[in-house]
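The structure follows.
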Amino acid sequence: MAGGTASLYARGRETQRGATQDPAWAKWTIIGLGLAFFALFLLAPLALVFTEALRRGWGAYLKALTEPDALSAIRLTLLAAAIAVPVNLVFGVAASWLIAKHRFRGRTLLTTLIDLPFSVSPVIAGLVYVLVFSSQGWLGPWLQESGYKIIFAVPGIVLATVFVTFPFIARELIPLMEAQGTEEEEAAVVLGAGGLTTFLRVTLPNVKWGLLYGVILCNARAMGEFGAVSVVSGHIRGLTNTMPLHVEILYNEYQFSAAFAVASLLALLALVTLLIKTVVEWRVARAQREGA
Amino acid sequence: MSIRVEHINKRFGDFTALNDVTLDVPDGKLTALLGPSGCGKTTLLRVIAGLEQADSGRILFNGEDSSRAHVRERNVGFVFQHYALFRHMTVFENVAFGLRVKPRRERPSDSEIRAKVTRLLELVHLDWLGHRYPAQLSGGQRQRIALARALAVEPRVLLLDEPFGALDAKVRKDLRRWLRDLHHQLGLTSIFVTHDQEEALELADQVVLINKGAVEQVGEPAQVYSQPATPFVQSFLGHSNLFEGRVVSGALQVEDGGLALPAGSGAEGARVAAYVRPHEFHVTRETSGPGIEAKVARALELGALARIELVGARSGRPFEAEIPKRELAQLALAPGETVRLVPDALRVFPAQEVAAE
Amino acid sequence: MAEAALQQGVAARRGFGGPALWAGLLLVGAAVFFASRGGLVPSGLILALYALFALLGVALAKARSRVLPGFRLTLAITILMLFLIILIPLSAVFINTAQLSWSQIWSAISAPRAVASYKLSFGASLLAAAVNVVFGLILAWAITRYRFPGRKLVDALIDLPFALPTAVAGIALTALYAKNGWFGAFLEGQLGIKIAFSQLGVLVALIFIGLPFVVRTVQPVLEDLDAEYEEAAASLGANRAQTIWRVVLPALYPALLTGFAMAFARALGEYGSVIFIAGNIPLVSEITPLIIITKLEQYDYAGATAIAAVMLVVSFALLLAINALQVWSARRTERS
C-alpha cells in the first residue's frame, strides 16, 4: 500500500503542512480503506447475527432460547465456564506472580510453555484428551472399570475448555505485574506483611483491572469454544451440547433463525467483553497518567 | 543498635557485587555508604536489610547473627530510592500499612493507629496531606512520607537507598538538613547509600567508601577527606592533581619539576604517585627551589576563592590551583606567564596502586 | 518417587536449574522413545511424570529464601497444572504416533485428502495473513494517526474476532456470502464469484479471525514511535514519502512480521469459523483440522493422531519463530 501512495507523495506539495502530517487525500484514502475493510469483515457479520436472529420476530426469538435443548445447552455452557474460569484464575495468578516477580532459571522457557495452547489447534486440544481418556485411550481401561466417564461427558468439555483458555489470564497479568516492578512488594515485606497480605493489599489493587479483563476474556472464550469441545462432546442433545454446538446443530438442520438466536446471545457476550475491555484500558491509561 | 557486617560476599552470575566486606556500624550513628554507581553499595544495603541474600558471610545486629532471618523478622526500616509508596493507598494508609499488617495479637487498635500515624505525619511536617494519594505529591513530600512509613513500625535501624537521588538540587539541600536534624532527634542507627560525596560528607557521622565491591576506607568525614587511605578515596573525594614519577634524593621528580616528599614516602628510585588538592598549592614567581613549573592558562574568581587553570611548562598537562582572591590580586598574574606551584601538603602512594585504579 | 526426586533436588543445591530443566525435557523424549519401542504406554507416562517431579524438585530446592514470598507455592501450581493439563496430554500425540509403524504414519499423512488439506490450510492461511498485514497496517495507521468519527468504536471492535465464538462467526460469514446472502447475492448472482462453500470462503473466514493480530502488534509500535524521528527525517530534507518509506516502515517491520506470523499460526489451526463456510468438499475445501475430526468420527485414532503430530510440529516451529522474532525486535528497539 505504501508503495502506491509513496510515488504520489513524491509530487511534493507539502510545503504548507507540518513535517509529520499526511496530505488530506492520503489521510482520507487510508481511513476509507480501513473503514471499508472493517465494515466488510467485522461489522457486517455482527449486524447479520442480530438481523437474522430477529427475522421472525421477538416471539420466535424467545422461543428458540427457551426450548429445553437450548436451555440445557446454556446451562452446560455456564457450568463449563464456572469451572474452567476459576481453574484458570488460580493458574493465571500463580503463574504471573511466579514469572513477573521472581527471577529463576528456565523462566523464559516456562513463559513459552504457558503460551503453548495459543498455537495448538483447538481440534488437537480436544484430540489429546480423547487419546488420554477415551475407551481406547491411556486411561480408558481404568476409567471403564471405575465407572468414570470423561470423554463424551461434562468433564471432557471442562478439560478441553481449560486447555484452550489456559494462557488467557496469565497473559494479561504478566506484563502488568512486570511493569509494576517489585519495589512496592519489597516495601510491604520490609514493613512486616506476609505473602498473602502483600499480594491482596499491594499487588492485586494495582492489577485488578487487568485481572478483570483477563477473567472476562477467558470467560468469553470458555463459553464460545467450539473446535475443542466439539471433539470431546459427542454432541448428545440435552446432555453434552454447549451453546456453540447447539448453534451448529440448529444451523445444520436449517433452523437458521433459531441458530442465530442462540448465536446472538454469544455475540452479545462478545460485545460486553469488548465493552469491559475498553473501560479497563481507559482506567489503566488513567491510572498510568496519574502515576506518572 | 549496632550492626556488624562480616566477610560478606555476593555475586550475580560472573559479576562480583560484594567482595569480602567487613564493616562496623556504631549504635545511634548516621553512616553513609559512598561510592560510584555499580560499586555494590546498594547491594550491601539490601543484604543488611535482608532483601538480598549474601553468598557467604554474616550480618550481626547487636552482636546477634541475623543472616538467616527473613526481612520481615529483621525489623528494619527501609526507604527505597523511588520510595515505593503504594500508589493505590492514601498517604495515611501508606504510613499505617506496617501497623495494620501486624499479627492480630500485636496490632494496635484503630484509634492507636490513627494517633500514631498522625504523630508521624506531624514529625515529617506533612500532617495536612494524609488524605492525598502518592501521585498527588511532590518528590520531596513522597520522600518524607516514605520515611514516615518506614518509622511507623519502630524499626531498630533505618536504611535509606539514595534518599535524595531522585530530587532536584534545591529540595535535596533542604531535605538533607532536615534528615540530619531528624536523625539527631531520633538517635536511630541509620545507614544511607549515596554517590554524592558532598551529601555523605555533610550528613554522615561515619563515611564508608566502597569501590568495586570492597571497602576502601571507613572514617569520619573530615578524616577520609584529609587522610585518604587509598588512591581511590583520594581521587574520588574532591579534586586532585596527580603527579607520577620516581623518588630521587627524597623528592619526586617529574617532567615539570620536583616535589619534596615527607620522610618515608618511598625508597630511592621507587615509582610513586603524589596527589595535591588545588587549595594545597602555593603559587609563587620564584624561579628556583622545589615546585612545579606551569604556565597560567586563565584565572577564575569564585566567591572568596580564585581558581587558576595552568598547564605544565614542559609536559603540557593541565593543573588546577585554588588561592584566596586577595592573593590573586596581589600576584596580578597574566595569562601565559610561567609560575611555580609549591604544595603545602601532599599524599603519596606507591605507583602500582594507582595504576590498579 | 516424588520425594526422592525432591531430595535429589535438595542435594543438587545451586547452579543446577538449567541442566536439570533440559534433563527433564530429555526424559520426556526418552519416554516417547521407550513407548515407541515396547509400546509400553505406562512406562512413558511414568517417565514423563518422573521428569515433571524432578524438575519441580530441583527448582524448589534452588528457591532458597527469597524476599518475595510464594515462590515455591506458585512454582508448584504452575508446573503441576502446566504438565497435567497441557504438556502430558499433548505428548500423547507424539507418544501415540511413535507407536505406529512408519508405513501407517506415512499412509495417513500422505493420503490425497490429507495432502490436499495441507495445501489449502497453508495456502489460505498465508494469503489471509498477507491480506491482514496490508489492511491491518492501514487500520492501525488510521486509528493511531488520524481522528475521525467512530474511531473509538473501530478501535474497540477490532478485537471482535478474539471475543466472538468461532461458530457464530462461521455461520454469520456463511449467511453473508451464501448465494442469497447480503454480499453473496451480488458477488455470486451478479459477478459469478462463488465464495461460500469454496476455497475463497476459507480465505474469508481466515481473514476474519486473523484480523486483530497485525493491528494489535503494529498499533503500540506506531503509538510509541516518537514524532521526533519523522521530524528529524523531515529536517534532513526527506519528503513525506521518503520519511514513511525509510524511517517509519522499517521501524514497523518486526511488528508486521510478528503479526503476520501470529495470524498465520492462528489460521492454520482454526476450525469453527471455517467449517461452515468451506462446504468441506473432499480434495477441494477441506482444511487439515477437519481431516482430524473426520478421522476421529470414523474411529481412525491412529490416522487422526499422525496428522495431528504433523500439525503440532508445524505449530511449534511457528511458535519458536514468533519467539525469535520478538526477541529480535526487542533487541532492535533497545538499541535505539
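A, B and C are the chain letters, set down in written order, and residue numbers restart from 1 in every chain.
Everything that follows uses one rule, which is that a residue touches a chain if its C-beta (ideal position, glycine included) is under 8 Å from a C-beta of that chain, and two chains touch if they have at least 3 such contacts.
Because the structure is predicted, anything quoted here is derived from the model rather than measured.
Visitor: What are the chains that chain A and chain B both touch?
Guide: Output, common partners of chain A and chain B: C.
Visitor: Higher C-beta contact count, A-C or B-C?
Guide: Greater number of contacting C-beta pairs: A-C.
Visitor: Could you tell me the distance, in whole angstrom, between the mean C-alpha positions of chain B and chain C?
Guide: Spacing between the chain centres: roughly 54 Å.
Visitor: How many Å are there between the centre of chain A and the centre of chain C, using C-alpha atoms for each centre?
Guide: Using C-alpha averages as centres, the distance is 14 Å.
Visitor: Send over the residues of chain B in touch with two or more other chains.
Guide: In chain B, the residues touching two or more other chains are 51, 71.
Visitor: In chain A, what residues contact two or more other chains?
Guide: If we look for residues of chain A contacting two or more partner chains, we find 186, 189, 194.
Visitor: Tell me, which residues of chain C touch at least two other chains?
Guide: In chain C, the residues touching two or more other chains are 67.
Visitor: Which of the residues in chain A come into contact with chain B in the complex?
Guide: Per the touch definition, chain A meets chain B at residues 183-184, 186-194, 197, 201-202, 205-206, 287, 290-292.
Visitor: Under the touch definition given earlier, write down the residues of chain C that touch chain A in their complex.
Guide: 17-18, 21, 41-42, 45, 59, 62-63, 66-71, 73-75, 77-79, 81-82, 85-90, 92-93, 96, 134-135, 137-139, 141-143, 145-146, 148, 150, 152, 154-173, 175-176, 181-183, 204, 207-208, 211, 227, 230-231, 234-235, 239-245, 249, 265-266, 268-272, 276, 288-290, 292-293, 296, 301, 304-305, 308, 311-312, 315-316, 318-319, 322-323
Visitor: For chain A, which residues count as touching chain C in their complex?
Guide: For chain A paired with chain C, touching residues are 1-2, 5-10, 12, 14, 19-23, 27, 30-31, 33-35, 37-38, 40-46, 48-49, 52, 87, 90-91, 94-95, 97-99, 101-102, 104-106, 109-110, 112-124, 127-132, 134, 136-138, 159, 162-163, 166, 182, 185-186, 189, 194-195, 198-199, 217, 220-221, 223-227, 230-231, 243-245, 247-248, 251, 256, 259-260, 263, 266-267, 269-271, 273-275, 277-278.
Visitor: Quick one: which bits of chain B touch chain A in the complex? Just the residue numbers, please.
Guide: 49, 51, 71-72, 75-78, 80, 82, 84-89, 97-98, 101-102, 133, 135, 149-150, 152-153
Visitor: Residue numbers of chain C touching chain B in their complex, please.
Guide: Contact set of chain C toward chain B: 64-65, 67.
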